[in-house]
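In what follows, a single structure is set out as structure tokens and then discussed.
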Amino acid sequence: MRKIINQPNDFVDEMIDGILLAHPDKLKTPGDDKRVLVRADAPTGKVGIVTGGGSGHLPLFKGYVGKGLCSGVAVGNVFSSPSAQQCFEAAKAVDGGAGVLFLYGNYGGDVFNFDLAIDLAELEGIETRTALGRDDVASQPNERKLDRRGVAGIFFAFKGAGAAAERGDGLEAVAAVAEDIIEHTATMGIGLSPTILPTTGKASFDLPEGEMEIGIGIHGETGIHRGPLETADQIVERLMAPLVADLVLVRGDRIAVLVNGMGATPLEELYVMYRHVHQQAALIGVTIEKSYIGEYATSLEMAGASLSILKLNDERLELLKAPADSPFFVEV
Amino acid sequence: MRKIINQPNDFVDEMIDGILLAHPDKLKTPGDDKRVLVRADAPTGKVGIVTGGGSGHLPLFKGYVGKGLCSGVAVGNVFSSPSAQQCFEAAKAVDGGAGVLFLYGNYGGDVFNFDLAIDLAELEGIETRTALGRDDVASQPNERKLDRRGVAGIFFAFKGAGAAAERGDGLEAVAAVAEDIIEHTATMGIGLSPTILPTTGKASFDLPEGEMEIGIGIHGETGIHRGPLETADQIVERLMAPLVADLVLVRGDRIAVLVNGMGATPLEELYVMYRHVHQQAALIGVTIEKSYIGEYATSLEMAGASLSILKLNDERLELLKAPADSPFFVEV
Amino acid sequence: MDATGLSRAIRNTMVEIKQYADELRDLDTALGDGDLGITVSLGADAIVEALDAAGDDVPPEETIRTCAKAFANANPSTMAALVAGALLSGSRLWATSRNLTTVDASAFAKAAGDSISKRGKSVVGDKTILDALVPAGEALGTSSSASEALDRAITAAKRAIAETTSMQSRRGRASWLQERSIGLQDPGATAFLRFLESWKAANVAD
Amino acid sequence: MDATGLSRAIRNTMVEIKQYADELRDLDTALGDGDLGITVSLGADAIVEALDAAGDDVPPEETIRTCAKAFANANPSTMAALVAGALLSGSRLWATSRNLTTVDASAFAKAAGDSISKRGKSVVGDKTILDALVPAGEALGTSSSASEALDRAITAAKRAIAETTSMQSRRGRASWLQERSIGLQDPGATAFLRFLESWKAANVAD
């Protein structure tokens, strides 16, 4: 394994130690369990947003805890769910009486554990709502869109719901914003090299040079099929067409775009991709009002990229433009 | 090559197209040559700072053009210098009469081309100064420190000199700030996998699993020697000791730290490293006043990391804390 | 089997099952995210530790609850959550039992399967652990000899895995592979088979 | 050699030298950053294009300046900058020449070497292009037969490269490898040797 780590089993805890040591002004751990992180100023009295999921996706999920974003996070092992207790503790620490939105990706382990956390929260009188990121169009056809998995596009929901909470919206309204954004977000990705779990040391798949995995998730899963590696422009077209179809984008529509690197793919390549996204959008008469290009949801050292599109209206755009400030993501 | 690109020869220009399309509010190209980029609001009337060098290092160099940072950049091919003409054009576009500081890394090709640009600038009556990043302690012993190459640590000089220019310092003063920061910056890095030039398609070195290159540059060069891959803690100690010695850090000193990823190394691993940097600093009684962890100067898809330390005094710390805003780096 | 025997048998089984961690990792790598080997080996360690701490002669219901909690938290994941829920459901049936028969075991499996089905919104045929658990649980009740019942359960689980491998996964991470899941063996169902086999190997004298 | 012959000979040489791009890339990968192959092949193309555009019967001084500019901008780099400066220095000596001898060539090489030495703050023995250029330039002046002079220059460059390979690089990117540079062949010096060899191969009839 070409990794800079100590004992594989200590990887997650040592990473969290590093985060807490580096950003004590922005993040804190409310109890004894370092796997629960919240904003340093929690609870703020506003609606809390708790996310969570497996490790190995930085800046997802921990990186989106901050002003104008989420309020807390429950941290699992690499690609594994946090426990129900951890999800609950995060909720408890951020709740200032206005209730808590659980906002995370649609994965069995996470869903089962967050659902248990809802029961625990109820016992303590904490009101909760849940919104599930489920933006990966490759994972299920449109008819089964509620079963899709959540990938990088959840970033838009963090930004929008975070902004709604920050401006003082109530729990119902914040949850509705998250749902609305999720409903209008679609993502698809390709992989050029696998991921290696630190604890197992095994590559998640073998991919010969000159091939790519199409329709990958963010856990080193293979895609829905494999094909020859194409040019950047061909890849962009391949990723963009299903998103345009799924969101039913038509001339005159406005969108936000996220070109996300999976970990090992250089930022340069993401900009080469963005260039063609822009060209293709112009071609179909769709305006990009906001773009994010970089690493937003990774799979450790996987090479590849995903493209997410959020269909905008005035409300969504306004929320997206709101300032945000976490140790991993700043928007002014 | 596991790369998302079109024609290798178009790689740099298409990346720049992407950057210009994504950030028209922040960056512009002042003339016909897209390889010259400047702040959208240039010239500002303040001292201009022009950087430049080869491509393949994002966010270095283009990413550090913005408020509180550099004013312009001349962009070379991957790992190759920009031309003298491009360096000159960047200077001309950002000069508002207060003069221009050329601030870039100490590489032959860059030095020769920027030096020619000085002659061209003189002809147009533009006053210039030059400061060279030369922070890599592995590249030359302390006695020959003026011959060291520049790597990630130049980020500190961008931040400090950029802040000085922003607050209205004169050319001499801005150059002095850059020199002072460079003088007190030291970096060392390790590589876990090579780089592949898009135009040649060849890996920059072969490294068997379980080994690492120690003392690497940022162009896929091998290090000064090769050894077995160590644990994160051992690596941190190996990188940190020469920096502490070179900067003569003693109990009570204050430092800023940059843990930089070379491209493919996950952010998680950089935080595992930072954790031990913090522990080691505490051990020798040195206080970390400011830390930066992430990708600041990369070598395309190379895996590995570098550690930079800037020895602080009040002035350097104040400048480092000043706000900065580029499409690739925001500090509030 | 009495209360002390149950706790011992589980611990023996947990030691045994860890040898399959790499196999489960590899199956889950192909069809999921590769963490099932970790879930099973960390979970097995956690159960052994928890039961060691609990001591002998603990009522079966409590033993099972201890297992559920340990397994749920060792490496939280789909399997951890589903199995923990299933164990809790089953444990209720044993609230008054001190001496367990194959009929008790079969009833436990039925309750466990219902729990997984409910929580996972899944049914037999979705190509999950249920496909092995349900027929094996039924087989358990077809003989009063513990060892014969176990053999029949193992046979049933094996057959189910062989049959479902050619099917498309309809639940969990594997379902996202869609047609590509066809031909790949379900890791969760395999984990359950390995559990039965480990029980047999570790508790041969029973 | 007259002005038109010079321009043609250079173009022929540039077509020829591109075959060494991979070798130069590999040497520069080991001792530097691997871009020398690109510098030489893009530079060679740029020179051919520029000289084609300039047409025949251009004074030697101007031909060389055209080469310098084309090579400097094709892929700016250390080699590009040093060679361009060297060409400009040498070209001055030819301001009045229309018919070039081996003595002119030797004087050109001397001026070129001085330029590189000055700009690169380097001397013979630093294990750079200078180590091949300086002795080869001297050898050029030892025969009035162009082909014999060229052969002697090639021999001198080869010997210098063989001798310096075992030395430590003291300038440029290679110097940062410190002891590790020992045993590796200098790419810039090799590029100069390949230039001489390409000249010979491409202009055999001269």
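Letters are used for the chains, namely A, B, C and D, taken in the order the chains are written, and counting of residues starts over at 1 for each.
Criterion: a contact is a pair of C-beta atoms (placed from the backbone, for glycine too) under 8 Å apart; a residue touches a chain by one contact, two chains touch by 3 or more.
Note that the structure is predicted; figures quoted are calculated from it, not measured.
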| item | value |
| --- | --- |
| Minimal step count in the chain contact network, subunit A to subunit D | 2 |
| Furthest chain, CA centroid comparison against subunit A | D |
| Computed distance of Cα centres, subunit C from subunit B, in Å | 54 |
| Whole-Å separation of chain centres (CA-atom averages), subunit C against subunit D | 74 |
| Interchain centroid distance [CA atoms averaged], subunit A/subunit B, Å | 29 |
| Mean-CA-position distance for subunit D and subunit B (Å) | 32 |
| Touching two or more other chains - residue numbers and ranges from subunit C | none |
| Subunit A: positions in contact with at least two other chains | none |
| Chain-chain contacts as defined at top | A-B, A-C, B-D |
| Complex interface listing, subunit A residues touching subunit B | 1-6, 11, 14-19, 21-22, 55-56, 58-59, 190, 192-193, 209, 229, 231-233, 235, 263-275, 278, 291, 293-295, 298, 300-301, 303-305, 325, 328, 330-332 |
| Touching residues (chain side subunit C, partner subunit A) in the complex | 25-26, 29-30, 32-35, 37-39, 72-73, 75-82, 85, 119-120, 171-173, 175-180 |
| Parts of subunit B lying in touch with subunit D, wherever the complex brings them together | 76-85, 107-109, 112-113, 116, 136, 138-140, 147-149, 197, 199-200, 202, 204-205, 217, 219-222, 224-225 |
